[in-house]
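Before anything else, here is the set of structures, which you'll find just below.
You will see two complexes here that share chain A, one where it goes with chain B and one where it goes with chain C.
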Partner chain A sequence: MPLQMSSSTEGKTARLNLAGELDATSAPSVRNALEHVLAGQPESLVLSVENLTFMASAGLRILIFAKQKQPGLKIYLLKPQETVVETLKKTGFYQSVYIVDREEEMKA
Partner chain B sequence: MKSQKANAIESRIDYYPTHEHHGYRFRRGRPLPFGASIVPNGVNFSVFSSVATSCTLVLFRKHEREPMVEIEFPREFRVGDVYSMLVFDLDYEDLEYGYRFGGPWEPSVGHRFDASKVVGDPYARVIGGRDVWFAKPDWDDIYQHRSRLAFDDFDWEDDRPLETPINDLVIYELHVRGFTAHPSSKTSAGGTFAGIIEKIPYLKKLGVNCVELMPIFEFDEWENSRQHPQTGQWLLNYWGYSTLGFFAPKAGYAATGRLGMQVDEVKNLVKELHKAGIEVILDVVLNHTAEGDHRGPTISFRGIDNRNYYMLTPDGYYYNFSGCGNTLNCNHPVVRNLALDCLRYWAADYHIDGFRFDLASILGRDQNGAPLANPPLLESLALDPVLHKCKLIAEAWDAGGLYQVGSFPAYDRWAEWNGKYRDAVRKFIKGDVGLVGEIATRIQGSPDLYYYRGPTASINFITCHDGFTLHDLFSYNDKHNEANGENGNDGANDNNSWNCGAEGETSDEFVNGLRLQLMKNAFCILLLSRGVPMLLMGDEIARTQKGNNNSYCQDNDLGWMDWTLEQRNSELFRFVQAMIRFRHNNPVLRAGAFYRGQDSVGSGIPDISFHGTQLWGPDFSAGSRCLAFLICGKHTEGQDGDIYVAMNMHWDGLPFQLPKPRHGERWSVVVNTSMRAPNDVFEASQAPALSNQTEIIVGPRSMMVLIANGN
Partner chain C sequence: MKKQTFPGTLDALEPIRKYVEASALSAGLDRKVVYKLCLAVDEIATNVVLHGYEEAGLSGDLKIESSMEDDRFVVLLEDSGRPYDPNVHTVFQAEFDQPLESRKIGGLGIFLARDGVDELQYSATGNANVHRFIVRLSQT
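Now for the complex of A and B:
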């Protein structure tokens, strides 16, 4: 399934909803969207990825990119699928993000 | 393929394109560093060839058969013999690249250029094409092993190489895939770097503080692959001693290789091992490549600068000091730099703690194959500023007959796999005569070989990936390599093994008991010897390869670690664990200097003294099979007490006179390998004191270790 994406900003929290497959082809558009929401200097970024079925290297590197653009940014992955979590763990990327199942778990 | 967003990182003004070809903008690049480097807005490609007449950069989208563009390097882009070009606006994530070199095809003088082939970058940091282990390749693809880019964005936090003193190491040699590929490993990603992470608790429990990974440079498991003519079993290039690229980790060993994320997975493994206090040594194959001899494929080096990269005979064939078809021309200045750049990269970018060099004697040969007295490459590695804290370990021989154990050019830095230690200890344990004198030398760290270098030059091992496992060493008189499909012609014949009375698996309890006892003797000697001990994966739980002493092609139960053995052979595991702890707890055993055989602190006894059944009367005669030694604790700071060790490899039990313990102290038994668990080994604090403090009976083919304490 091609990637579907929407974004919003609420106070100091930016939000990207991603569904489908995030691969090398779709990654640049996510990066653009990310740059757009980061321009508002949010304190935290929520990636809602419950329906994201695949995340390639390019997708994971976007997380690092976000950190590089804005040090101190808290990145939350909301309800990632098991395959995505496994990849994050095996590559050490999970240390860069908070993985949460419910929005309430996010720190203020 | 232009990335949609090129200005993610602000570009500098001096990186502007000057040329354009089919919509791709580029300019002259920087000749150094070699390889493909990501720079603002583009990628700098740089490659060397001294003889080529032309060079073309070939760019692919990932996994696509046909190139998306080919850009010939304009003449003005070449500086000296280096072609460099900076191409703008490439999508780093979706890029594969290679080169075509024009030049003469004149094998008799060493030139093998073929512009119809796309060749890989010698400095490629990621190589695509074998992304998933044993996934059938696209054999029609014109470019099988594709150079890719790597990223530097891994978050190391505060990780760094551990710099554990080498004399404190207990090394565990393992095969990345074989360690967890067996279903019994119960890891979420069997056979991968990630799988090892899940077994870190096991390594901690065992007590080792260093893992030595068999080759992890990208190789092709399909190389020389075949099916066994009788069994149909696939035989692969499982061990991987056949390098495709010196800078790229093996994708098929990574659970995330299919995503192209093997670089991150290896780094994450190193970081996690470091967190657990475990160092990482890589077994590196710098002596030859996967291109084989004149019949082999053109993958990279052969098609770029054959005459520089390989040692060639006067008529243009390949010298074969590696036994694998070709020999890398290690002491050519260009190749020397390649080797240095490679190791610096692994040390700096992957935080690797040390390297073990496969067939390292080749690294000391000149361009015609003659051994050098002062090999520039070995000297450069020894004194390199980036590598200066890395362990450097040589396999100090090669397949061309150069055997340098004890004489490897060391520059005060190099350690060696001590093959003489292995042979002597094997023979001694199986009961050969004439070895007592040599054993006395080996347990001291082999001063006969390393007098000027110290015991840390000696990597002591009894088994390694080459040859029998420890279990098989005492279960087979002869190798049984039928499963390799080479009619038993492969693998060593001089194994110094003994089957204890039955060839292979047996239900005979006496035989099985003796085998267990001899394995304990082996670990006991290994972990009491000065020098640096190395264990082979699975030996601590009596892993068997069914008598196969060359499992290089066995990607199956023969080559994998069977984790059910942890339960079944828990007695041996417990013993090894206790011996490793004993070594860690007794600094005198792992001191970095040789014993001097004299009392230099006024303790009343020498730092080490040798004995036999009679005190002060070691029997070094030709027919002797026993030896005892007393180690004085007062000669080493932090050491608690004296240690007495009696080794009886005779088939009968023998009485050994004991030295008188110091005033107020008594001898307690830490180890008695003739006993079964739990009486085979004790924690020092719980070691039972001997009722008779003047003599012990050491059982047949067994060892006792005593400590003097105030208990």
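Now for the complex of A and C:
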């Protein structure tokens, strides 16, 4: 399924909703959207990925981009699918992002 | 499953994943194993398109085929771009302990490709590069 994406910013929290498949084809548009929301210097980035069914390394590189563009940014992945979590774990990304099942779990 | 041919561009990634998913599921592979295999093929196909074709100023096709060989499910991905052997690229797994702020962006795709299958073979003959992705059924 092609990637579907929307973004928003509320206070110091930027949010990207991603559904479908994130691969090398769709990654540039996500990176553009990310650059746009990071311009507002948010403290937190919430990636809502409950319906993200596939994530290639292009998705991992977007996380690196976000952290290198804005060190100190807290990145939350909201409800990632098990296969995506597996990829994050085996590549060491698990320790640099927060995996949460509910928005209330995000630290202020 | 019957061989299919796609233009060697990034637009081929999704249909290639669909092909791998359908053929692997019909061979009886577990869903998680199928996901890892799709990821492995996707990463190599991406590298072929970006490095083997675009970066080298070449164009060509991506041919994909799958078959059962005894207790192994095998996917073949063939291209005619600049040769690119995933097994000669070093993946620095020590990097994986580093925080993202200081991580390098290279090597992740190759790591996921190798990790996603039991064996990843590469051969170059004449103008054809062939990647073989092998999954043993006994483990699924």
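Methods note: the second predicted complex is superposed on the first by the 108 of 108 C-alpha atoms of A that agree within 3 Å, B and C clash if a C-alpha of one lies under 4 Å from a C-alpha of the other, contacts with A are read in each partner's own complex, and residues count from 1 in each chain.
Keep this in mind: a residue touches a chain if its C-beta (ideal position, glycine included) is under 8 Å from a C-beta of that chain, and two chains touch if they have at least 3 such contacts.
Model, not experiment: these values are computed from the prediction.
A.B. asks: Check whether A:87 is in contact with chain B, with chain C, with both or with neither, and answer first, second, both or neither.
C.D. replies: In the superposition, A:87 touches chain B and chain C alike.
A.B. asks: Is A:49 contacted by the first partner chain B, the second partner chain C, both or neither?
C.D. replies: In the superposition, A:49 touches no partner, neither chain B nor chain C.
A.B. asks: Considering only touches as defined above, state whether A:32 meets chain B (first), chain C (second), both or neither.
C.D. replies: The first partner, chain B, only.
A.B. asks: Which partner does A:2 contact after superposing on A: first (chain B), second (chain C), both, neither?
C.D. replies: Second partner only.
A.B. asks: Report for A:21: first if it touches chain B alone, second if chain C alone, otherwise both or neither.
C.D. replies: Second partner only, chain C.
A.B. asks: In the superposed arrangement, does A:61 touch chain B (first), chain C (second), both or neither?
C.D. replies: Both partners, chain B and chain C.
A.B. asks: In the superposed arrangement, which partner chain does A:77 touch: chain B (first), chain C (second), both, or neither?
C.D. replies: Touch status of A:77: no partner.
A.B. asks: Can you list the residues of chain A that touch chain B in one structure and chain C in the other?
C.D. replies: 24-25, 56-58, 60-61, 64-65, 68, 86-87, 90-93, 95-96
A.B. asks: Please output the residues of chain A touching chain C within their complex, sorted ascending.
C.D. replies: 2, 21, 23-25, 54, 56-58, 60-61, 63-65, 67-68, 71, 82-83, 86-87, 90-93, 95-97
A.B. asks: Using the touch definition from the top, list the residues of chain B that touch chain A in their complex.
C.D. replies: 3-5, 8, 62, 91, 93-94, 151, 153-155, 157, 188-189, 192-194, 197, 254-256, 259-261, 264-265, 267-268, 271
A.B. asks: Could you pull out which chain C residues touch chain A in their complex?
C.D. replies: Listed in rising order, the residues are 10-11, 13-14, 17, 32, 35-36, 38-39, 42-43, 46, 49-50, 95-101, 103, 105, 108-109, 111-112, 115.
A.B. asks: What does chain A use to touch chain B in their complex?
C.D. replies: Its residues touching chain B are 24-25, 27-29, 31-32, 35, 56-58, 60-61, 64-65, 68, 86-87, 89-93, 95-96.
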